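Both of the next two complexes hold chain A, though its partner changes from chain B to chain C.
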Partner chain A sequence: MALLEVQGVSRYFGGLRAVDHVDMVVGEGELVGLIGPNGAGKTTLFRVIAGVYPPSAGQVIFNGESVGGLHPNRVCHKGITSTHQVVRPFPALTVLENVLVGVQYGNVRSGDPRQRAREVLEFVGLAHRADVLARNLTLPDRKRLEVARALGTGPKLLLLDEVIAGLNQTEAARTMDLIRSIKRQGVTILMIEHNMRVIMGLSDRIVVLHHGEKIADAPPEQVSRDPKVIEAYLGESPVSA
Partner chain B sequence: MDLGNILPVTVGAILLAGLYATMSYGLGLIYGVMRIVNLSHAGIMMLAAYTTLMLYRSFGIEPYLAPVIVMPLFFVIGMGFQRLIVRRITGAAPIVSLLLLFSVWLIIQNAAYLIWSGNTQSILRPYTTRSFRIEALDLTIGWMRLGVFLAGVVTLIILQFFLTRTYLGKAIRATTQDRDSAKLVGIDVDRISMVAFGIGIALSALAGALFSMILPFNPDFGRVLMLKSFAVIVLGGLTSFVGIAVGALVLALAEEWAVGVFGMQTALKDLVSFSALVLVLILLPNGLPSLLGRMPVWRTKPARPTTAPTGGKAA
Partner chain C sequence: MTVKERERQSTAAAATRRAGPGREALFAVGGAVLAAAILAIFGLTLPANSYLLFSGFLLFLFTTQSLAWNLVGGYGGQTSFGHATFYGIGAYTTALLQENAGLHPVLALLAGALGAAVFSVIWGYPLFRLRGFYFAIATIGIAEATRLVALSPLRELTGGASGFRMSTAGAGGRTSQYMTALALVLATFLTSYWVRNSKLGLGLFALNMDPEAAETLGVDTTRLKAISLALSAFIVGLTGGIYARAFLYINPNDVFAFSVSIAMVLMSVIGGVGTLIGPILGAVIYVVIQDQLGAAQITFRGQTFQFRDVQLGLYGLLLALIILFEPAGLVGLFQRVAGRFRRRGGTQAVAEQQALLRNETGDE
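Right after this comes the complex of A and B.
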């Protein structure tokens, strides 16, 4: 069953069509990768889904309900949360408090929030840093915290914007494991990532954007052979005689 | 120099600091959450002073009890004002909110002239002028001054508890630190802004109600005090209530010592605060807390403590 349906969504900035009439579906429990060259409109599409920008046209249907144009906090309460491309934890709150805010104001309204926040930290491997101020974390830890805070809100759909970019091999592998275990918990994931090895290894299906338009939507192995995708990334291929 | 005065002058300065802090919390909170400088602060203090006077004259309510009515009343007024007017200019250039709130102050001020005329008022009750002496230290302290100081301390403790221990307080801190992230974790930042503005106005009103018992006032009341509040929050680093309290203490000590110990003319007292404001803006744009960061002692061994007071893995 489709958890998220993006129907003909466009988002313009003045004359720029950042996202141009995109249709896509994300099924319950699926992990879908969103790729495309720089400026393809990936992050803009994320922001439209998360409610940061209202769509200029089209519909975002989540769980059978239209969420396009709702404020981000309302969208969060419906069960969609996203991480920032550039990590932005609350710098002067502790790691635990960062997650706690998500738990208290997000989608979960049962159980002891403190307990739940600790569980989330345990899950992402940040429990030993619970009482450190977020501004004092290393970059990999900050990226984890960004994910933890999003998880704290109890999302059904998690939008991950380049949570692996900028990490070294070891950290990247750890984060890939983390994303797999989030998926095993039943959370549906839509993720942007530039690293092809990562996105090919994780995704059930890949959607490719180019100049704001969707140019491919298929399983990883098929996408990697798609001439249109190769062209978008490498430029027009020389005509072979 | 008159060192014999140093104790009474210092005690006086500490009491004055309580007052300065109380009048600055509201300004600091509103700036923190909304990045708006509330130029109507003086008007709100003046209005609260008159409200206290009216409550006493019309209903016989003792002025020291007035905050119990004044604060909730102004909390509601503040929320309504934010909802109806200030919200419309969120995200606009800073000059827009400055002009808007400055105009609001002028409107309140002129309305007050119409209603209460320009005559200077003061609230005199038996307790407003009473004082006590500590013979051993050769000190005379006004009960009202002490009361206002204590009100400032209690307010600080309540605010600190509220911000760190309650859901709403955490949401206010989160919104202050990163508005966009706050939205993504489900915080309704519009509502938080409204509540924070309400609390900020209620705190300004508390200051006004307290002032009405120790200072004479007219519709122009609060002008200089508001400017001093700016000095206090800039000194305090614009970030925390504890910072504001420290800023208030530094400012009060500087003023009182300049006059009482270094023998400056009383008329020049305000020169001290505004010179302090200018100096801090130029030399320490992040306020006194940034001094801590500059101390070499804290810099020499950054190896571990930069990250974790609780230990954790080595970087």
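Right after this comes the complex of A and C.
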């Protein structure tokens, strides 16, 4: 059954059509990759789903309920949480407190919040940094914290915006393992990533955006052979993986 | 806003938060000991010294206001330059209900505080859409508007420019006023401590540092700002009522004055905005300056300058210097000095760490 249905969603900024009439479905438990050249509208689409921007047209249906145009905090309470492309931890709070914000204000609020926050940190491998101020974390750890915070809210659908970009190979492999284990826990994931090897290796299905429009929606091996996709990436080679 | 800017902005909020649970407990114990000491010193000597009694009363009122302003202006980062409006509404509601409606003094006080809180919610919701500078400007507008309304259209009720006089009945002696203010300041301190360690406090710190990230994590930022403003307004409203009952005379130009709002900002910023202890330090310094320099004047080349006339300029300069060089105020300064001492003691450890680092990177 479809958990998320994006129906004819557009988002304009003045005359610019950042997202243009996109239809997309994400099934329960699926891991869908969202790719496209720079400026294709991937992050804008994420922000529309997360409630940061209201859609200019179209509907976002989550769990059979329309969530398009709701405030981000209400969207979070429905069960959708996103991470930010440019990490934005609360710098003067500790790592544990950062996660605690999501745990205390998020979608699932049961049990002892500190205990739950610790469990989340344990899960993402940041437990040893729990009492460090977020501003003192390294970039890989900040990216992990971004994921941990989002997980703390207890999402049904997790939107991951380039959580692997900028990491070295070892770190990237660790984060890929983390994303797989999040999926095993039953969380549905929609992720943006530029690294083809990552996205091909993780996704059940890949949606390709180009100039705000959807140009492909298929399993990884099919997408990498799609002439339209190859044309969109002209000059780059998406099949190198 | 870049990450750097956000970090800079939130240093103040973090100043005493970087402490672990142990340090927080120490603060609590320290606070309790301090409160007990204040009670002992001021409380036991109170009948003997009526000057101290009155100074203490004022100090407690100012400290209460400073702590209350910090709940929304410090923790939540919503810089209000209009808190005089709550002070004035508290003062007038209390005075009018007690004088004209014959309400019991305690009930009149509570009604005044409630009035201020309700008023804060009415304008808080629309104004919280504004960010930073624009919010601050709008709060000035609100406070000035209430002053002008109290001054002219409501002249019949408020006494206009000639003020409103209360009968001495039920005013209570200096001692009871003093004890009321003392109880209020301690209660406000405990409230401030509680908020800091509560879910509300965490949400306020988060929205202060990054509102967009906070919303993504489910924080209803507008609601939290409104709650903290209402709490702050309630407490400041109480101080207004207590002031009215102590002085038995209020005037829109006094209780709604811009300087009342500025004082609250100043005290918090001097001491350390967003910290627990900062607003108290700031209030003590502000009250001492006002008390010592209130009547001071200086003659320079035949011209006489009254402190009263130039104080706003001087305070403005002080504000600018603090924001430029030590956004976390005195608390930040103390921590910086303490950090330097600790580092000097720990040079050995630092050297070892550096040696380790050199080995790791293979750098000779």
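Basically, the second predicted complex is superposed on the first by the 234 of 241 C-alpha atoms of A that agree within 3 Å, B and C clash if a C-alpha of one lies under 4 Å from a C-alpha of the other, contacts with A are read in each partner's own complex, and residues count from 1 in each chain.
Everything below uses one rule, namely that a contact is a pair of C-beta atoms (placed from the backbone, for glycine too) under 8 Å apart; a residue touches a chain by one contact, two chains touch by 3 or more.
Because the structure is a prediction, the values reported are computed rather than measured.
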Task: Joint occupancy of chain A by chain B and chain C, clash or fit - done: clash
Task: Contacts of A:Gly41 with chain B and chain C, given as first, second, both or neither - done: neither
TODO: Based on the superposed arrangement, let me know which partner A:Ser82 touches: chain B (first), chain C (second), both, or neither?
DONE: both
Open item on the list: For A:Asn73, using the defined touch cut-off, is the partner it touches chain B, chain C, both, or neither? Pick first, second, both or neither.
Closed with: both
Open item on the list: If we overlay the two complexes on their shared chain A, which of chain B and chain C does A:Leu100 touch? Say first, second, both or neither.
Closed with: both
Task: Partner chain(s) touched by A:Gly33 [first = chain B, second = chain C, both, neither] - done: neither
Open item on the list: Contact-wise, after the overlay, does A:Pro220 reach chain B, chain C, both or neither (first, second, both, neither)?
Closed with: neither
Open item on the list: Applying the document's definition of touch, where does A:Thr138 land relative to chain B and chain C: first, second, both, or neither?
Closed with: first
Task: Contact residues of chain A, present in both the chain B and the chain C interface - done: 50, 52, 71-73, 76-77, 81-82, 84, 88-93, 97, 100-102, 104-107, 131, 149-150, 152-153
- [ ] Over in the complex, which chain C residues touch chain A? Could you list them?
- [x] 3, 6-7, 10-11, 13-14, 17-18, 20, 199, 202-203, 205-206, 209-210, 212-221
Open item on the list: List the residues on chain B that touch chain A in their complex, please.
Closed with: 167, 170-171, 173-174, 177-178, 180-190, 239, 306-313, 315
Open item on the list: Quick check: in the complex, which residue numbers of chain A touch chain C?
Closed with: 50, 52, 71-73, 76-77, 81-82, 84, 86, 88-94, 97, 100-102, 104-107, 113, 131, 133, 135, 149-150, 152-153
Open item on the list: Applying the document's contact rule, which stretches of chain A touch chain B when the two form their complex?
Closed with: 50-52, 71-73, 76-77, 81-84, 88-93, 97, 100-102, 104-107, 128-132, 136-138, 149-150, 152-153
